[in-house]
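Each of the next two complexes has subunit A plus one more chain, namely subunit B in the first and subunit C in the second.
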Partner chain A sequence: MATTRILEWLGRLYIWLLLAFLYLPIIIMALMSFNVSPFYQLPFEWTTEWYAWLRQNDQLISATWNSVKIAMITTIICTALGTAASLALYRYEFRGKKFLQALLFPPIAIPWLITGTAMLIFFFGVGIGRGLFAILLGHVALALPYVIVVVSARLQTFAPELEEAARSLGANQWQVTRRVTLPWIMPGVIAGGLFAFAVSFDQFVVSYFLSTPGQTTLPVEIYAAIRKGFTPEINAVSTIIIVVSMALMLLTARFFKFGGEK
Partner chain B sequence: MAGQVATGSRSGLRSALPLLLPAYLWLTVAIFLPLSAMVFFSFMTELPLSGKAWFFTLENYATFFSQGLYLTLLLASLRLGLEVTLWCVVIGYPAAYVLAKVLKGRSREAIFLLVILPFWSNGLVRIFSWAMVLREGGILDTALNAVLPFKINIDLMYSYPAVIIGLVHSYVPYMVLTCYLTLQAIDDSLIEAGRSLGASRLQMLKRVIIPLSMPGLVAGAALIFVPVVGSFMEPRILGGRTGTFYGTVIEDQFVAVFNWPLGAALSFILLAVVLVILALASPVLKRAA
Partner chain C sequence: MAGVQVSNLSRSFGAHKALDDVSIDFADGGFYALLGPSGSGKTTLLRQIAGFDFPDSGRIAIGGESVERVPVEKRRIGMVFQNYALFPNMSVADNVAFGLSVRGEAKATIASEVQRALDLVQLGQLGGRRPHQLSGGQRQRVALARAIVTKPRVLLLDEPLGALDKALRIDMQIELKRIQREIGITTIFVTHDQEEALTMSDRIGILRGGRLVQEGPPEDIYDRPKSEFAATFLGDANILRGETTGTGIRLADGTAIAAKAGASFAAGTKASCAVRPERIRIAADSGSPDHLNGNVLKGQVSKRIFAGNNSTYFVDRDGQTIKVIVQNTGMEKLAEGQEVVLRWSPESTVLIAGN
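== the complex of A and B ==
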């Protein structure tokens, strides 16, 4: 089967071409953050000057801290609320359950432009206004459905007899949850939490509409900088974020397989 | 999906409610009420908070239908969505096929992870990275001129193709992911059976593989088309002056022109379009689930 061999070989080549398409721009951007020329001129000369500049950019630093803080709080709230909701959807049968599960779909499927502008209007209308608190409200809502989906998927692999057994041995509801169910679904909970962190940390559109000049997140600050003009400083900070979010995702993959072989 | 298992007497809404309430209350306050408020505001002349007098009006929608500009831009955005989706199918489907049916074991897992990894990294930064590649005197330009014997100028930056390239780069992992999942579920013995009955490769592809992986294709297409139609950051950064689309006009209403009621109406029209598309896609998706 010579043709099969050739086709397989072409297939592999094709995958590597796709990976090149996906990664080359990012690698080039990262390299340029170490290049001396501020106008991205070649030949390439090594420097870490732009990273040193970042340290003096107070605006970027404070935006970075805002991003990290919001992402962390989002993670905590989403794992708590999301795990609770997943448990309820798993354990109990009631009317309207299908509807509640369907309600998780719109926040994921509706373009962020629409959700973001809608939040802006509503938060303004009820007096919450814009700023970090509004951004947090939005991020939790965007990340919550992901957490529920991921934790529910993990719950599918749980044997309900285990809960039954613990209960027949005299454990109360809280003990059953804490000692039996939670340990089992923990990989799902951790993966969900990491998802939530990633959704919040990388979120641009919704943060953009809800931020004010003093109260922004890192992506919003980067967008503003890009629109003023390209500088190697943006490359430097972008490189940092991309490394952080990819590391985070690799970590998530350790806990949760994305539909690969079970 | 969850809960084929109801543990007998321990069922019912009353026990579920305390666990469900916090999450759904949050979603209501931050997603569902805002979406309803947007519809409400889109029928107003002014925001009630500005202190000015306001009343209900259809004017914002009349603006959309009477000024050709908005409709033209919506069509341009739909076209953009269609083109990006098609490119994602063309590029992503073969990759998903190779991943699901050619590669095996650990190398498959590793490459699969590599393909979907960028998807979860910062979208804004990935769009920005193309600026380094596409601009005149950028990497693509320099590399091609180093190889080719004649001088050419590649200045794709701030053009329609640049927007397409950036968006395809952003969304193609979605197509690979959804197609991979359905392709992987196709039993290899089915393919062998077809082959042994004398079907050619092309026939197998047309009669068996593509029909069976259709749900993945449709899911991927919907997941790509919808956000692309609403994109505004990508055209702004890579399209420059040519990058005016429906999404950028909505952005303008909220951050530059401050005509929020018109912005709300435009957003709502986009939402309606999106919902129609999702509704059209849902029968195929339901069959898959």
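== the complex of A and C ==
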């Protein structure tokens, strides 16, 4: 009896330590964005001064919008292309299909530093150069394999007779896809889209290689700001992003039950 | 409604001949069973008629119109799948409505047609349910309603009762037959269950290794099988092998067996006789000479299996076991090991080509 109690207690302690390890730095950062002292000095004194400063930091704001825009466009492109590619790989047999599928995985494993260097050289070679468009292209290339992998995994649980049943009832290819296949794989498509958003929005290495002083993303801008000297505005912008992204995740989880759907 | 003609249909997958020159005429409004073991080509044939796959050669006509190159969505067929294949993201009513809705029918028409189809399968109240909230038998009915609501020219059923338990199967067999009669649709039914084929269909086609072995009304095939395979696959049969005498065969030990059914063969060639176990009478061997003009064999009971309303005797003679099924009248019980006489008439004996 006593040992089970102790084990149970240790288990709880472990969970709390894990949560603390994950969230404590974030909570401290969020708190410090409301502290008067820019040097993390206590006692804590409430202020929204840093948020006011942030409103005047045009460079940081424009980098944030760049990041949001690029992440959203990346998500849309990758979800559409990735879902279409997954469906094609699921439905059709063609020469070199296995080879093509195998080629999808290495980009996930190759270090971003190497991919970034390769992209920089390539984009210069073909005349695209650096800038927001180059960053967008890079992000799409990075995120696409994730979407295909996630959507394909969901397609493995799809019963092919459902498409046959729909066709036997007179539905053409588009009607079959839209009304039978897509509703089934939607949780996978949403998850793939979230992956794509995260890959793009968090992306530092590749963006760093491809950005120019005026055309940059938030992670790159934060890195540049920290190098010049840390300011609590970084805490402020980070706090806003954390709140927004957590709200997005919770909303998605609320509307799409991952895995649990019958 | 329309009949279906399949002529000289062949289809290979690599070196495997799934269908080998199959021709069948499916009559308008008939209920036809395609029967065969797994790998016999029966499902391949059904999928060819449906249009999921195209033949290498041969012709398929629905209502006189050649359709062998027409894709499934344009063939106007209705199909019920083995595992029902109901759309999990739609309600029962939306499942049934699907075929009408992709055709672009008016909402009011769809609603009334769906209700009629659900009433026909006696599920009128369950339109709002989801497929996963239904029992196996109910899902089966939804699948059927969905397949017939579009008024297809042919109804194709791929082992539709395979997933149900026995009591429900028999209910559904009766139900399916009732619905089929009511709407009078040409129905082609794939099964590996001979009992199902016998009780439900007007005609049966037996397939083996991609070829049509025999085709005809259930009684005809049962009473006059043309091969050992047809005799043993559709029902139970004792096969006696020997040489033809013109009117029957002579067994290896010289016993003559007379046959009045089946083909005739030139004397001296190898041939077999098929006898159904329930056509044979069994009695204790009294030793008295036989005075009947039928076929007579003597043997010894090696095993008796009691099954309530009937008993099965396994009788050994000359290295062969003969199966006899006797109605349980309570009159006579033969013990294992007992010497017995088996008698049956030449009319119950079918002469078939030897293997």
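Some observations on this one:
By our rule, the second predicted complex is superposed on the first by the 237 of 262 C-alpha atoms of A that agree within 3 Å, B and C clash if a C-alpha of one lies under 4 Å from a C-alpha of the other, contacts with A are read in each partner's own complex, and residues count from 1 in each chain.
To be clear about the criterion, contacts are C-beta pairs under 8 Å (C-beta built on N, C-alpha and C of every residue); 3 or more make two chains touch, one makes a residue touch a chain.
Because the structure is a prediction, the values reported are computed rather than measured.
After superposition on subunit A, the partners subunit B and subunit C are accommodated together without colliding. In the superposition on chain A, contact of A:18 is made with subunit B only, not with subunit C. Judged by the touch definition given at the top, the superposed model places A:188 against neither subunit B nor subunit C.
Look at A:114: by the touch rule set out above, it reaches subunit B but stays clear of subunit C.
In the superposition on chain A, A:101 makes contact with subunit B only, while subunit C stays out of contact range.
Here the apex is the CA centre of subunit A, and the angle it makes with the centres of subunit B and subunit C after alignment on chain A is 100°, in steps of 10. In the superposition on chain A, contact of A:125 is made with subunit B only, not with subunit C.
Contacts of A:164 after superposition: both subunit B and subunit C are touched.
Shared-chain residue A:226: touches subunit B; no touch with subunit C.
In the superposed model, B is the one of subunit B and subunit C that contacts more residues of subunit A. When both complexes are overlaid on chain A, the residue A:180 reaches subunit C alone and has no touch with subunit B.
After superposing the two complexes on their shared chain, the closest approach between C-alpha atoms of subunit B and subunit C is 5 Å.
Taken together, the two complexes place residues 164 of subunit A in contact with subunit B and also with subunit C.
Partner subunit A is touched in their complex by these residues of subunit B: 1-3, 5-7, 10-13, 15-17, 19-20, 22-24, 26-27, 29-35, 37-38, 41, 47-49, 91, 94-95, 97-99, 102-103, 109, 111-118, 120-126, 128-133, 137-139, 142, 169, 172-173, 176-177, 180-181, 223, 226-227, 229-233, 236-237, 247, 250-251, 254-255, 260, 263-264, 267, 270-271, 274, 278. Across the complex, subunit C is touched by residues 159, 161-162, 164-172, 175, 179-180, 183-184, 262 of subunit A.
Contact residues of subunit C toward subunit A in the complex are 50, 52, 71-74, 76-79, 81-83, 85-89, 98-99, 102-103, 130, 132, 146-147, 150, 156.
Partner subunit B is touched in their complex by these residues of subunit A: 8, 11-12, 14-15, 18-19, 21-26, 28-29, 32, 40-42, 77, 80-82, 84-97, 100-101, 103-104, 106-107, 109-115, 117-125, 137-138, 140-141, 144-145, 148, 152-153, 155-156, 160, 163-164, 198, 201-202, 204-205, 208-209, 219, 222-223, 226-227, 230, 234-235, 238, 241-242, 245-246, 248-250, 252-253, 258-261.
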